[in-house]
Structures are given as structure tokens and as C-alpha cells.
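Letters are used for the chains, namely A, B and C, taken in the order the chains are written, and counting of residues starts over at 1 for each.
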């Protein structure tokens, strides 16, 4: 069989993050590799994988996922039908599993759909307790008769939401259907499935009750991070840890990391290769990439930190800091509003409630933050931007900008008569 | 006998603090309860107490001091004579002890005045070494012949200053005198006492040399705090304290508190119920209320912290922070002037020298301070006010305000050619 | 013999530092005393030293170097020839060693030149690997035939650079030559030497390959500091160090110092007499003077700190902080540029590349820095200046100034409806 990974799309709502969502590294491995590992555990091999890429990511994907897999380029991100048709020559009429690698779920999802017998197609569905704005399956006699996209709350035909992990026994048949479908309109794949169901093809469901997140908005990275962190077991590589440093609970520390005195890493937490955790640093509930420096007296709490990030006396809470960023001493991310309401973020001119009352900043690659700067909750910073020292950042910053506050100063003569009371104060200190 | 607590007054000079002074909680108990406890130790009972309240505090007092005590409302804060007259029906002609519960003194003061034999009235007096602007007793043949209010320095008739802990053997007689006194003028009570002395009633003195502070200005809370802290014995409730945390000297830690790694609490210090002391926090010479969070890398030094206050990477020194306040990461209280002079505070248009060269801020209930803000020495912040991120607060702030600095910023293209030297710098770090 | 120390000059390029370079205290002793100690180890005595002073430093030098030495005042800093002529009466025709005490080198340099036999004069020369803008020796038949000042790169007559440690066997002869030389022009001493060589006097060279730095610019103090620190052996005076504090590697801690919990001092480092190292402080690669307070949660990294400096929650990196300075809580020195280029400093209108990509600030005596202020890389602060709270200092500040940012603020009513979620958040915290 073939696993068709849909890697050609572009996540506009992920701004300021420019990387593909499936390229996010969690506990040391890109999301796409987590998918591949799950599938390999079930017996699939590199040559079974077909990646529908875009021109910008094909090389990196090939490098990461191996030469034996198949790669095709989808020139424009035109959707699932186009993706499948683009990959047609690599499918050889085999059984195919179409996967959206931006979704995160447990390996049992793969296991259950792959072992499912019978039917022409099988769809993975998440059983939901409460309304979720997805595609709901219409079930009759244990078969799927249709998918209704975002029904109004209370109007759901079932509690089963479509996850893009779709098994089609006969890829030739799927391709034929797709080719016949009117492609000028949207949702070609969805309409094709509908057509196939109407034509009496046997669509079956595999229910799945485990963790599932479709990464749609940048803050979903934090949910996904939590999922991965909550599943790790303690594994501290053979590194020298000073007696005064404490590694508490489920923590992974990769090889080459260096931990300094009085640092505390409270699990769940992941520390990437060759990273440095400085004196008095506190890390909890966070994923730290490779070659990071979490410097002196820095707290990183419930944050995703990419590779090669440097911090020094900072508070980074509930934030997503992509690779290559640096924070000067005393710079902090504010992570809650004075009114303690949820933080909202404007996406394509619509204010979206993140559902989070604790959210720091979302910073794309290679940004630099000056000393004593403050970034307000939910602010997004575009890649390669710089924030000057002592700046309070209240609004989003585009990529490749330099933002600094208008530093108007007053200069006067120093006319103070200074009593130097240090001696006296020193005595108070020495007394304790 | 009856103990008449004067609780009807309003402390204007305590701005921005709105609470009654005797309601300040010290080492876990309101001042008024400290008074009551002292008296109960000497055999007095709840039904012996009479509280002259005001409409705003009667309910809270009743709740705190018990249903068996007597409560009356003094409609307007018209002084001691009015207070005594208001309570007249509850005194039943018994011996009465009139107490100003805003004064703080040792229990021996009560003990000594209660065991004093003879006389018609007894007045507690503090023996002073140096001039203090109070009421001085005129003594002849071991009897008090008058009280002179604020004589000029060098003109004091004795070294005995009147403390409002006054015993009158016959309350009926006192009431009769008070009722006969012209009440349109000020100082009715004082003039009544004068009249009684002139009429030959026998006023005796009980000298007291222990600690005494009349809370007049907000910074006196710090003196009173020191007094209480200096008398505590070490008592750490059965809580789990990490090995790396240190509790040094006379420290009380109440039940439910949680202490994190590398925290240091250096006595004298009091930590209230259910409070959290975060990693690397340092607390010394301070009173921390209930349910506080002294978060990561925060120092609280010689400060009074009310209930439900939250801190995170702050320095709070020589400050009074009332209940329900929050400080964002990196916000600090400055606590000394560049010229190292004493800090002065304007009260009713008069600049008062606090006598302190170390004084931080005085913050009323439920304020919020943004990240990286700075509050200058002696600044008073009214209740329910908010200080925006990165603001330097140089002046007093009224209640219910939102203060933030005018954040003018400059936005440019980032034209820097950035040499990424992280690899090289990392090697330097790893070398040590 | 006589050792003639040239102490009359004024180091203009050392701005903002006003002290004589040879008066810098390193590992507890002024540079000039390090010179004297080296010479005393070789058998020289106090009466062998002659100091050419200026009116401002003669008293301090006398106090420091002893009454038995000779002192003369050079009225104006007119150069080496004038210095030698000024001291003429104290030389008694003896052999003299002329030393510029602003140069730092190993004691072997003294040893080698003093044991050198023969010749009329001997010059110490540093063998250089690469171009250095100094005076190069012209060598013929093992004798010095001339000195060429700052030849163009590639045009050096040898790889031997003149260090001002010059031995003249006959000081009378030197004086005669100096007196005869035309003194209206510059470089009288250099021209005199040239004349002497041309007259056939025998100038010999002593090659020296050890450490040598001519302190020319303020940041050279950091090089000199490194040199001294790298040579120290661990020596911790008998002070009580809490178990949780760590002293790692080659560290000197002088008597009377006090170390608090969780402090880390990582060698090489020097802590002066009676200094206080506060809780959680980190000191590495630094020289801390006497009576300093490195307060709570402060990092001092690769910095020179003079006597009587006070810090509290600061980051001081790659900086030179002269005596008597204070930093408020949260004030930091930024020590690298966003573009990671070397830091340049303008000296006499010429931008000089310091050669350092890490350089903090250079601060003269008795400055005070307000809370949460930020000082940009390479900024120089003149003596007795004050920086207000929350100021970002991007340019040099003259002495005796008061710099503060124009604090424009907005005051609004607080209209936020505040949900107090502390209880809920507290539960999350307590869960860990």
C-alpha cells in the first residue's frame, strides 16, 4: 500500500510562523517523522511513502524522509484532489492511505485503520463530546453516507468528526472518480467522496477516541507540545549534572547538554542536544530545541523553544519562540491580561479567541529582542525582526523590521548632594 | 469591667490604604484580634468587649470578634467622648478601659494597668527618651494633674506620654462628666479629663517602657510589622520543603504553604496559609499574607504583603502591598533615593519626613503592575489601579486609574547584516 | 641602581576613567604595587624607586609606595625626557631602569633585563607574531641600531617591539645626552636614544615572549584583568560559606567577605575584602573590589568592578565599573550588538574598533544607575553621573550629569472588569 502525505499546502493562519506545521520539531523530531515512525512500527517501509510537496519544501522533505520514498510537487496548493492526482503515477493502483500530517494523533489511530477489514474506503473519525467546527459523518447501518461540513451546533448528524486519515482500497478507482469530477469548483475531494458514497461504494468508519489536534493556529503548537511532553519517560543522557541542579519528573535531556548549578528542570520537559541550562534557570512544561542557551536566571514555562535560541535572565511563558531567536537580559513575555480574559488574536481580520487566558508571544525564526523589553500577550513577531532595548511591544510586528521606542531623554547637571551611606547600610547587611 | 475599643475613626493620613488600621493582619491575625488575645489571656471574656464601630466596619468587626461582644455605631467619627457616649448603654456603670486599637504595644501594658490598685482613673504612659509630639502628663505627688498636648521641645512637663489605654473605675461618673461638657468645641474627652482632675478626682499613672507605636502614617505598618516579626518563634508547619530550600532563623510557615527549590526564607519572616514560595525566591524580614505567590526569582525584603498577592521575578523592598495585588515579571519597587536622603511623603499638603532612607511603595488593595515597570520610593498607589508594562511611576496614583507611558515607537526596515556567531560563542560557554 | 617609574602622564584615551592606569586595583593591589612587588622579589628596595609624579597623584603614590622612595613632580606631562630630567637629582649617576608602569608584563621581564650583562643600555622587546602599531627595533650584529615608530605593516625592520623597560648603565651620560637634545620638538627621549646609538653606544636587546599589554584604551583593563585572574591560585579565606553556595576553580576570596545561599563563584575570580555576594548571585571571570555588594540574583561576568560598588538583580557583563557605583534592581548592561559585530568606540573623533564583540559599559567612579535601566554596548559614563530609572542609554554620558528619559504618561480611568482567577490559577500551580 501507499501512504500519501499531503505536504503541499500553505498554512496562512499560522502567521508569523513560516515553516510547515509538520516540520515543527517536538521532543527532538519533526512532526512528519513522528508520523513516519508510527507507520514504520506497523510494518510500513520508506518506499511505501509518497509525499505531495510544494516547490519550497521538497528538498528538505527528501532529505528528512529518505530517497526511497516518492516525492511529487504540487505546483499550487489546490487541495486534496489535486494532490492525489499529482501523485497518481506513484500509486500504481495500490491501496492508499491519505494523511494530513498537520494533524496530530496517537499511533493507535494508524493501527486501527490499517487493521480494519472490508469496505471500499475507511475514514478515521474522532468521537467528540462537545461541538467542534469540523466535518461530521452521516452514518446509516454502520456505513458512512455523507460528510456534513461545519453543521450548526445541535444540528450534527453524529458525534463523529472526519480526520484526514482516509483509506481507499483501490486508488485507481479513486483517481478515476477524481478525474471525472468538475474541478473548477472548490472541495473537489469532498465532492468526489460524496459521489462515491452516492454510487454505493462502501465507506466504513474507524472510531478514534485518543488525542487529536489539527494544527490550525499557531497556539495549537502548545497543545501539541503538551501532548508529546505528557507521553515522555524520564531519560537523562550521561551528562554531568551538578549536585545542586534538580531534574524532577519526566524529563528528557539529550546528549551534549550542559546543566549549571541550581538549575531546575521540572517535567514534563524536553531539552534538546547540546543545549545549555544556566545557573538558576527554571524550565517546566516546555520543549527546548537543540543548541539552545537558557541562560542565567531564566524561566521557561509552558513554552515551545526552537533550535538555537538564546536567553539570558528572561521570563518566557506560554510562548512559541521559533528557531534562532535571542533575548537580551531582562526581556520578558507578558502572558496574561490585566482583566484575565482569554487572549484573542486577529487572523485574516477576524478576532479569534484562543481559548487561553495564558498566552505569551509567538515569534518566528531569527528574531532578536533587546534587553529589558516587554512583549505583550498574544503578540506575533515576524521572522528576522529586531526589537530594541526597553521597548514595550503591544502590537504584531511584521517580518524583517526593527522596532524601537522613541527614546526622548532629558539631560541635566547632577546637582544632588549625595550622602554615601554605604558603610552604614553594609553593616545592616552583614548583620543579616 | 468593660473594654471599650474605639473603632469608629477614619485614618485620613493612611491614604492610599482604605482599611482600618486595626484590621491590618500581622503574622496571620488582625491587629484588633491581637488586642483581644492579650486581654483574654488576662481573663477577660468576649462579653466584656464593646466596640464603637462605624457603619462601614461593624459587620466585619462582629464577624471577627464574635457575637457575644457589644457593638454600637458611631455615626460620624466625632472623637472619643462621642464614642464613649454612644456606647453608654452597654457600660452598665462598670469599670471601663478605653483602648485605641490603632496603637500597638506589648501585653504587659494591659497587665500593668489592669492590676493597678486605687485611684479613680488610671492612664497608661510611655516613658520617652527624646521628644515625641504627643500629650505629656503633668505629675504632682504621684498623681496626674493635667495633660499638655504637644508642648514645644524642652517644655515637656514630664517624660511621660499619654497612651490611649485609660482605666476609669466608675463609668457612670465619666459619662456624667462627658454629658455635662460643652460639646461644640473639639477635644471633649480631653477637656473632660481636665475637668475631672481639677475637681480632685484621683488620676494615677502606669508607666510603660516597652514597644509602642501609634499607627498614624502608612509606613508605621513597617514598624509594627518589625515588632511582631521580632517576637515570633520558629514554627514551620508540616509541609514538604525541598532539600535545596532554606528556612533560616525565626520563621513561621503556616499550613498549606508550598516551597519550591532554592527558595530562602530568612527570619524573622511570616508566610501565611496556602502561600507559594517559588524557585530561587528570597524572603527576609517580611510578613506575607495568605494565598500569596512569591514567584520565581522574587525578593521580598522588609515588606508587608497582604493576602492574595502575586509576584513573579520582582524586587519588593521596604514596601506595603495590600491584599489582592499582582506584579508582572521584572517589575520592581525602588526603595532608596539617589541622594540617599530620607523619603518624604506629602500628606494633606505637608511634606512629612518618614524618617526612613529605605522606603519602597505603598499600594492599596487590588492593584496590578505590568511587566518591567518601576515604582519610585515612597509612591502611593490607590486601590484598584493598574500600571501598564514598562512604566516608571514617579508620582502617586489615585484609586481606580490606569497609568501607562506614552509608547511612541519607531519602525524601520531591519537592514542589519547579522553574523550569527552563536556556534563560536557556544564553544566559549561550554568551555566554562 | 634606580628604578624610574614614569607616573606623570595623563591618559586622555582612557576617558571616562579619570584614575591613573597604574592605580587600577587588580586582585586587590594597584598595578604600580604589582610592579614594585616584582622588583622587590629581585632584591630591590624601597629606596631604589624614584617616582616621577604629577601634582594630582604624588600624595597618593607616596602613601602607597612608601616614604623611603624618591618622588618628584613633573609639572606638565611633557614626556619621558622631561621626566628623566626632572628626576635627575635623585639618580646620583647610578644605573637606571626606566619603566612605564602602565604596561603590564610578567616578572620574568624584569628578571631578564636586570640579569643582562654588558652594553651601555638594554631595551626590553616583545617578539610579535603579527603586526602591532608600536616601535620596532632595528637590529644589526645583535645590537640595536635604531627604533622605527609604527612602520607600515610589512615594513617592520624586525619582529621586536620596544617596551618601555629601558636600562641605562650610566644615568649621568643619559642625562647629559637628554640635556643636549633640542627639546622644543616632540619625542626628545626617542631622538636622544637615536643619537646615542648613532654615537656608537652599545644598545642591547632583551627579548621577552610573555604577556604584555600597554594599557591605552579603557577596555584594555579587561585584558589585564584576564591576565591577573588566569594566574591566581585558589585561596578562600576562613569565612563561613553556606553549603548551597559553590566556589568553583581558581577563586580568591579575601577576608571579611560574606557569601549567601546559592551564590556561585566560578573561577577565575577575585572577591575583595568585606564584599558581600548575595543569594543566587553568579560571578565568573571577574575581579570584584573591596566592600562591594553583589546583591540578590546578580550576574557579573568577565567584568572589572572597583571598590564599594553595589548591585542588586543586575547583569554586568564584559564591563568596567569603577569604584563607588550603584545599580538599581533590574538595571542591565547590554554586551553585544544585534549584528554581532565588534563594538567600536569614538576616541578623539576617531572610531576605534575595540576588537571585542562582547563589551558592556565603561563607567567611571561614583555613578548611580536607576532600576530597570539599560546601558548599550560600549557606552561610557562619566564620573558622578546618574541615570534615571527605566532609561535606555545609547550614547556616552559626560561626568556630573543626570540623564533620564522623558516620561510622558497617559492616565485613564480603570474600566477593566477584572475576573479574579487567582484561585483557579493557584490550583494549577499547586498541582505543579
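One rule holds in what follows: contacts are C-beta pairs under 8 Å (C-beta built on N, C-alpha and C of every residue); 3 or more make two chains touch, one makes a residue touch a chain.
Because the structure is a prediction, the values reported are computed rather than measured.
Peer 1: Could you classify the chain B-chain C contact as same or different, where same means more than half of all interface residue numbers appear on both copies?
Peer 2: Chain B vs chain C: different; shared/all numbers falls short of half.
Peer 1: Rotation angle, chain A onto chain B: superpose the C-alpha atoms of these two copies and give the value as a multiple of 5 degrees.
Peer 2: Fitting chain A to chain B on C-alpha atoms yields 120 degrees.
Peer 1: Roughly how far is chain B from chain C, going centre to centre by Cα mean, in whole Å?
Peer 2: 51
Peer 1: Can you tell me which residues of chain B touch two or more of the remaining chains?
Peer 2: In chain B, residues 244, 262, 280, 297, 330, 338, 368, 372, 386, 390, 405, 408, 416, 418, 420 touch at least two other chains, as defined above.
Peer 1: Write out the stretch or stretches of chain A touching chain C in their complex.
Peer 2: 242, 244, 249, 260-262, 266, 279-280, 284, 296-297, 312-313, 328-330, 338-341, 357, 368, 370-372, 386, 388-390, 405, 407-416, 418, 420, 422-423, 426, 429-430
Peer 1: Along chain A, where are the residues that touch chain B in the complex?
Peer 2: 244, 246, 258, 262, 264, 274, 276, 280, 282, 291, 293, 297, 299, 308, 310, 315, 317, 324, 330, 332, 334, 338, 366, 368, 372-374, 376, 384-386, 390-392, 394, 400-406, 408, 416-421, 432
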